[in-house]
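Have a look at this one before I ask anything.
The first chain written gets the first letter, and so on, giving A, B and C; residue counts start at 1 in each chain.
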Amino acid sequence: MTAQPTPVDPPQLHHNPAFAQGMIVPAGPTLYVGGQNGTDNTGALLDGLGAQTEQAMRNVLAVLAEAGTGPENVAKLTIYLATGVDPGAAYAATRSVWGDRRTAVTVLAVTPARPGALVEIEAVATLAGEELE
Amino acid sequence: MTAQPTPVDPPQLHHNPAFAQGMIVPAGPTLYVGGQNGTDNTGALLDGLGAQTEQAMRNVLAVLAEAGTGPENVAKLTIYLATGVDPGAAYAATRSVWGDRRTAVTVLAVTPARPGALVEIEAVATLAGEELE
Amino acid sequence: MTAQPTPVDPPQLHHNPAFAQGMIVPAGPTLYVGGQNGTDNTGALLDGLGAQTEQAMRNVLAVLAEAGTGPENVAKLTIYLATGVDPGAAYAATRSVWGDRRTAVTVLAVTPARPGALVEIEAVATLAGEELE
């Protein structure tokens, strides 16, 4: 069992280069990243879908880094978009920060509870290097 | 501690034969199944709520099988329905594939990001037989 | 590694006294609490947002207690509000039951699948005292 999450892609499912159908994470401590909006360090929302989405993803990465892990250890991202937002534009903005790593993803159109928020992103990650032996 | 998830049903909550109020999973590797739509192996959506829901659940089961586990090890299902869909019909379609096993479930009406998708199903499962000793 | 979840609050994110940006849970058994509505022990929905929200949170706490754990071991709460509900009022109602403990949280406006449900709350918790050694 390696310390890295492992993508799961059954041959009978359509293969998508951008995400994995499932991810296996090894036993060990787990980090839950609460829903991140596109807010700066004063708590203010940035303007527009692209800026909010990139910032929300940067906030997720900041929580990962603070916990001593990183995107390579993320088991799943859940990306909540405000209803009416262009999913393609939002997804492109996530990728500009997230990069090409494949992980399990759910993308939904809902209404983030915070007024004016166009996107909210949460994550689950394993903590590399802290696995039990 | 057995290797199987264990339903949790407090006596003060209404008992539902179709799902558990909570599920305990033993320590060990975990599989996160990303949101599955009712798509075939070319990535095309099937027609109609029943066909999409059954196919989405089959896709979840395919990811479980590819990871070496199965529905008996699922800790939680989250079933996202498109707004306006009949929840009863959708739930019946999930059961026709899923069967009678009880697990923790959340069912919500949202908008799957993929145009035309009426349902999206995600899951978390433990990997049986790979528990730490 | 302690047996308690640990909040993660990167300095570059806005600090919120009510929730943590992330939570680390130690390796061990995990409890998944399925979506809880504001229903009593006959399965009937209570009247109004405040009563439903408090009851939904009490139901979450009942599942935690039945599994031998408690709110201090919750890694993440996800609070789904019906579209149009006042998030501030709902959040205040959750706090009246939940108290001041900080954990990772996602709050969204969606439509709970159950007709008349104004709120649904789910949780993930670690099982204290059952950690592997």
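For this structure, a couple of remarks:
Following the convention adopted for this analysis, a contact is a pair of C-beta atoms (placed from the backbone, for glycine too) under 8 Å apart; a residue touches a chain by one contact, two chains touch by 3 or more.
Only a predicted model underlies this, so the values are computations on that prediction, with no experimental measurement involved.
Of all residue numbers seen at the chain A-chain C contact, under half occur in both copies; the interface is built from largely non-matching residues. Per the C-alpha superposition, chain A sits rotated 120 degrees relative to chain B, a value rounded to a multiple of 5. Taking the mean of the C-alpha atoms as each chain's centre, chain A and chain C sit 20 Å apart.
Multi-chain contact residues of chain A, defined as those touching 2 or more other chains: 27, 30, 110, 132.
Those residues of chain B that touch chain A in the shared complex are 27-36, 39-43, 59, 62-67, 78, 80, 110-114, 120, 122, 127, 130-132. Chain contact summary for the complex, chain B toward chain C: residues 1, 8-14, 16, 19-27, 30, 75-76, 79, 81, 83, 87, 91, 103-110, 124, 132.
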